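Read through the structures below before going on.
Two complexes, one shared chain (chain A), two partners (chain B, chain C).
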Partner chain A sequence: MRAAVLEARDLTKEYPAGRGRTVRAVRGVSVSVGLGETLGVAGESGCGKSTLARLLVGLEEPTSGSVSLLGQPLGGTERLSLARRAQLVFQDPFSSLNPRLTVAAALGEVLAVHGLAGGAGTGASRVGGARRTRSRWRETLAGGRSERLARVDRLLELVALGPRFADRYPHELSGGQAQRVAIARALAVEPKLLVLDEPTSALDVSVRAEIINLLMRLQEELSLSYVFISHDLSMVRHISDRVCVMYLGKVVEQGSWDNVLNAPLHPYTKALADAVPVPDPELAPQRATFARSAPNMPASSEGPEPPANTRTFLEAALAAGRRQPQSGAAVPAGEVAPATVAVEPAGGCPYHPRCPLADEVCRSVPPELTELVPGHLVACHVAVRAAGGARSGEAGLPAIERTPSGRAGHQHRT
Partner chain B sequence: MTGAVAGPRAKSEALLELRSVRVGFRERRHEHEIVRGVNLLVRAGEKLGIVGESGSGKTLTVLSVLRLLPGRLQLLSGRVSFAGQDLTELRERQLRQVRGSQVAMVYQDPMTSLNPLLRVRSQVVETLRAHGAGRDEAHDRCREVLYQVGLPDPERVERSFPHELSGGMQQRVMIAIALSVSPRLLIADEPTTALDVTVQQQILELVEGLQEHTGMAVVWVTHDLGVVARTVDQVAVMYAGRVVELAPTRRLFARPSHPYTAALLGALPSAGAGHRRPLTQIGGTPPDPARLGSGCPFRARCRHAVARCEEEEPTLIGRGEGSFAACWRAPEEWAS
Partner chain C sequence: MTRRRAGFLTVLWLNPAGRAGCVLVGLVVLGGLLAAVGATPYNAQLQNPLTTLKGPSPSHPFGTDQFGRDLLSLVLEGLWVSLKIAFLAVAIAGVVGTLAGVVAGYLGRWTSAIIMRVTDMLFAIPAILLALAIVTALGPGALDSALAIGVGYIPIFVRVVRGPVLSLRAAGYVQAGRVLGFSSTRLLFRHILPNVAGTVAVQASLALAWSVLAEASLSFLGLGPPPPTASLGEMVSQSSSLASQAWWTLAAPSVAIVVAVIGFNFLGDGLRDAFDPRSRTARAA
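Then we have the complex of A and B:
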């Protein structure tokens, strides 16, 4: 295991939701990121990914739990020295760049605030960014203007933009160029860790590849650590060393990218991975076998089952249950609630209302994150039982077959 | 789900046909083109995908079908015919009969299409009444279509306001409204882009199921190649206001005939691409459709460009197996 750059323990963040209720956006999340490592965080909207991002860079105070960067706890450190170690890059570069600052000004501002070039101290130049006009900016720049401009050029070079971009305003940039500037701005303070919150989601396909390639190159050159947050599983798969999957504020599965995405143990991870449309029509027919179940119309014949030897325990379990992990019941049947608000089920596993494998235990006891394979953690009763069964030498999936009745009560009306 | 253009389907009637459709705006006497001559054909029951990046003109192309172009954008020239009828010649009132009842549209963001002040029921019923249903009939049909699109509790959804529903449920309501009058063609403009993948999957499955059940034709507009791979029979790839490749889905993904399509496919991370291997970049940026010179609009970003590409803009050239590409060079001649 590489030396940890970021270590978050048992992070919880609660927000008041009115009438004395609270929404727990992040619930007991522990993650760590090693030097030069990429941790991918995947999950749907409302799963707490972005709240986690803000907690990791100290933009939000956790309700409980702790974050430490390079061995130092976040709580005690000064905001600025912290910002130098961990930077956040947002989804939409146009809303995170000030439309009234040129690229050079946006980058120079960061250098000035942190007193990184040109000598101006941190205190003196801490001016409200939003209000500053260009003339005001010139004053701030006055000190080490040439040094700072040279540094701006170097930053632009780092993200493969020429010095000609220095005098442009955000509206003169394409989406990809603007995201490069946003990355350059994050790198200006020479951080160790970048938390990337959906950095490619707002971009066109051809530009996504550019940004991903840039991020991978920068990581090599500068030995950066990344937390790469995305709902796009194919991007997470491509760039991550380790992956954690979040559901309703909790980590439900965590491990190497290969284990988590190619041999998932949690039914939610499987459902998420299966939901990503693959740009290969040859694969589409198999994936569409449960397509007919969504509309309330006559079902057509079942598709071919995958050969038994390539099945993971999950596939076997789901086949035994005659159902695919279908996300059909995004909200428990009969309930009308916005999916973007984390509505916790009354008890048990947070995923049980959508889970095709859920049984009585899942409905009452919340599962713990358990290390089933070295380095591969999952919070699922069914997976843990199946692993236990396999270890004691029993064939097949006794743990699952023992409770077939548990599923029957949970058929989603179709 | 069988062969896209070959076979019996080739004989079935043309439902929607676009001929040399040009969309843009007029300034003094000058015409600014954004969609620069698009030809498309959708037969009854067929599924066509229109793929392109932002600014490629894919949305404007489909908006021109029902004369829904925003602002001062207009159909500059070309023919749009639906079931043999030239839509460009219809008066506004006549066109209204086609909208909804013959051709329905579903847009990207359901929250901007649904009226936030009206309950779902009023909005579904309003549509049905506008198309001639009686009050009782409309109410019965409303519940029926909400049930058909897989909403778990139609009675409750009916009474809800849009903000009380999740994004996926809102999009289901939009689809219910679109399908309530049994259109022969559904135009879906990025209907799943704003949704989570699991919800997207449900919506795709829903439309697939409904399509198979009702036999309506579908035009999917999307930037997501993964979505078209599983959804449509034929794909039209748009670039700088033109269709640069048109091919049966399997053929397009297996052997793209236009360098732009090939580049787009190469830019996608896939399980087989190798973990953390650099993705293929296209490089450069798409040209401004209003300021195109002569020659192929993709030439500046193309690795296979030759002298001819500078001079003359290619039109669609047959490359076999129903595939057409607007490229002077056959894939066999591409630089490796």
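Then we have the complex of A and C:
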């Protein structure tokens, strides 16, 4: 494996949620990213992706666990040297740019604070870990003399924006241009790692591909490492070397993108993969629409039932599941069910209230991340059992049609 | 290809309210400055028994009072005293209030809680009552009046500043700045405060209007700077018994007060628009 740029171990972040309760946004997450590698982090809204991003760049202190960047632990690091190892690109490019600063002023400020222009190289040599790749940065960035404006122009060029953008205000930019400026600003400190928190979700569909391609080109040119966070699996698939899937603050599956997205072991990953739109309308009705209702939203059972012929077995199973009080099994009688599962996750597997394959074990014992296939980890009792039982079988989710429970069909009122 | 962007003052001037504010405030400040350098038409304190209670005329545009003093000169002097006190009061309120608001918005819960409770207590007392109490305690005088008026407006600045700071602290660019290793001081003074400056300027302009009024009220009640210092409020108070025979004795100081108050209000409106960076390019096009 390549040298680790980022190594996060057992990260947990809890927030007080009032009345003595806590939200455990991130629960025991361990990830690592190698040099020039992209780790995709996928999961639905509220699964802790953004909190993870903030933990990785030191914007938040983890409740427990540790992050180390380039071999140095994050805790207690001087903020300038920390900034020069990892940067964060936000979802909304407009809110991440100060409306009062022109592009040149915003980029120039970063260069000035870090002493990266004008020769007064304070801090430049202090970052030991970043030294090895500085020569590479020089080639790419320091075309002109180290004057700040020339450098701003070089940065703009790096993100495929011309120097004419230098004296524009953020409100004079399009979404894609603004995101490019945000990327340029993050790159201004010559980081090794970029944490991209849904960098394309706020953009027009037509611009997304441009940003993704830009990111991939930058990665190649500057040997950057990425943590690419998105709820959009098609984006994650496109850019990632390895993928980790999060559900309610936990990593439920992790492995190479090929394994995770093409042969998912966890039912949640399967559901996510199925949620990617299928371009062929003839194929579309055949795929299983897995998870309709998020656990922290009220179940929307009042909607019209889909026609019987397009209902898959899975939908029926889910419809049955929806009629039960969600996570009610985990809450002792007499207590009010928590408004969100994230506040007090149900016992056992966090996914069991939505999982069509869940059984008694899933409801009581939280599954551990287990390496089923070399390099492919999953936290699912059913998948582990299936792999243990039939090693010879294909390494994928056990076919749902073979699920031996008549439960779903039985409880579905027809 | 360079885009031209209108300067701050141009934007202020192109705004109708801003232009009206500039003209009126300019008029008031110019008048005050005339008094300050002693360039009034007459010596304001010069009494002339031959010209008592004369109506407006070419030689005395605002008329004369019961002692034969030139009202224009008196009004200009009073205006200067009022402006001095008002600016000083707003400076006190603005600086103290903004700092307290920034600290309350940016720092942790305890500091914030203490500042906000003190602010609430100050808020509960009517500003003019507070000013009365302070002036009574300190004794009349320009500086004392300014302090008395200023203290009353501190809570408004705290409130007005704290809210935006609170939300700007969580703004994307402040977060980004933190990730980029910017110091708290830099984030506060370069990224948060400039984005609050517009609000503060607007508030300051409005507070100037109120302060002129408050100063006039204090001197109307006889708690302003003692004679022979000219004072608009005192002029109003003395002319109230004469108004039936000599309306100009009441009109002159009142008009001065009204022009100053309206001017500062308009200026506040204009400033609010001019501080929005979006207004600049829109105008330059």
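For this structure, a couple of remarks:
Please note the rule applied: the second predicted complex is superposed on the first by the 304 of 414 C-alpha atoms of A that agree within 3 Å, B and C clash if a C-alpha of one lies under 4 Å from a C-alpha of the other, contacts with A are read in each partner's own complex, and residues count from 1 in each chain.
Note that contacts are C-beta pairs under 8 Å (C-beta built on N, C-alpha and C of every residue); 3 or more make two chains touch, one makes a residue touch a chain.
Given the structure is predicted, the values throughout are model-derived calculations rather than measurements.
In the superposed model, A:V361 makes contact with neither chain B nor chain C.
Of the two partners chain B and chain C, more residues of chain A are touched by B. Judged by the touch definition given at the top, the superposed model places A:E282 against chain B, while chain C stays out of reach. When the two complexes are overlaid on their common chain A, residue A:L70 makes contact with neither chain B nor chain C. In the superposition on chain A, A:S96 makes contact with chain C only, while chain B stays out of contact range. Once chain A of one complex is fitted onto chain A of the other, the partner contacts of A:L272 are limited to chain B, with no touch recorded for chain C. Put simply, chain A touches chain C in their complex at residues 57-59, 79-80, 82-84, 86-88, 90, 92, 94-100, 109-110, 113-114, 164, 167-169, 171-172, 182, 185-186, 189. Those residues of chain B that touch chain A in the complex are listed here as 1, 53-54, 147-150, 152-153, 156-157, 160, 163-169, 196-202, 204-206, 208-210, 212-213, 223-227, 229-230, 249-250, 253-254, 263-271, 273, 275-276, 278-283, 285.
Within the complex formed with chain B, the residues of chain A that make contact are 44-45, 174, 176, 204-206, 208-210, 212-213, 216-217, 231, 233-235, 237-239, 257-258, 262, 271-272, 274-285, 287-288, 290-298, 300, 327-331, 333-340, 412-414. Interface residues of chain C, counted against chain A in their complex, comprise 1-3, 171-173, 175-176, 178-183, 186, 190-191, 194-195, 277-278, 280-281.
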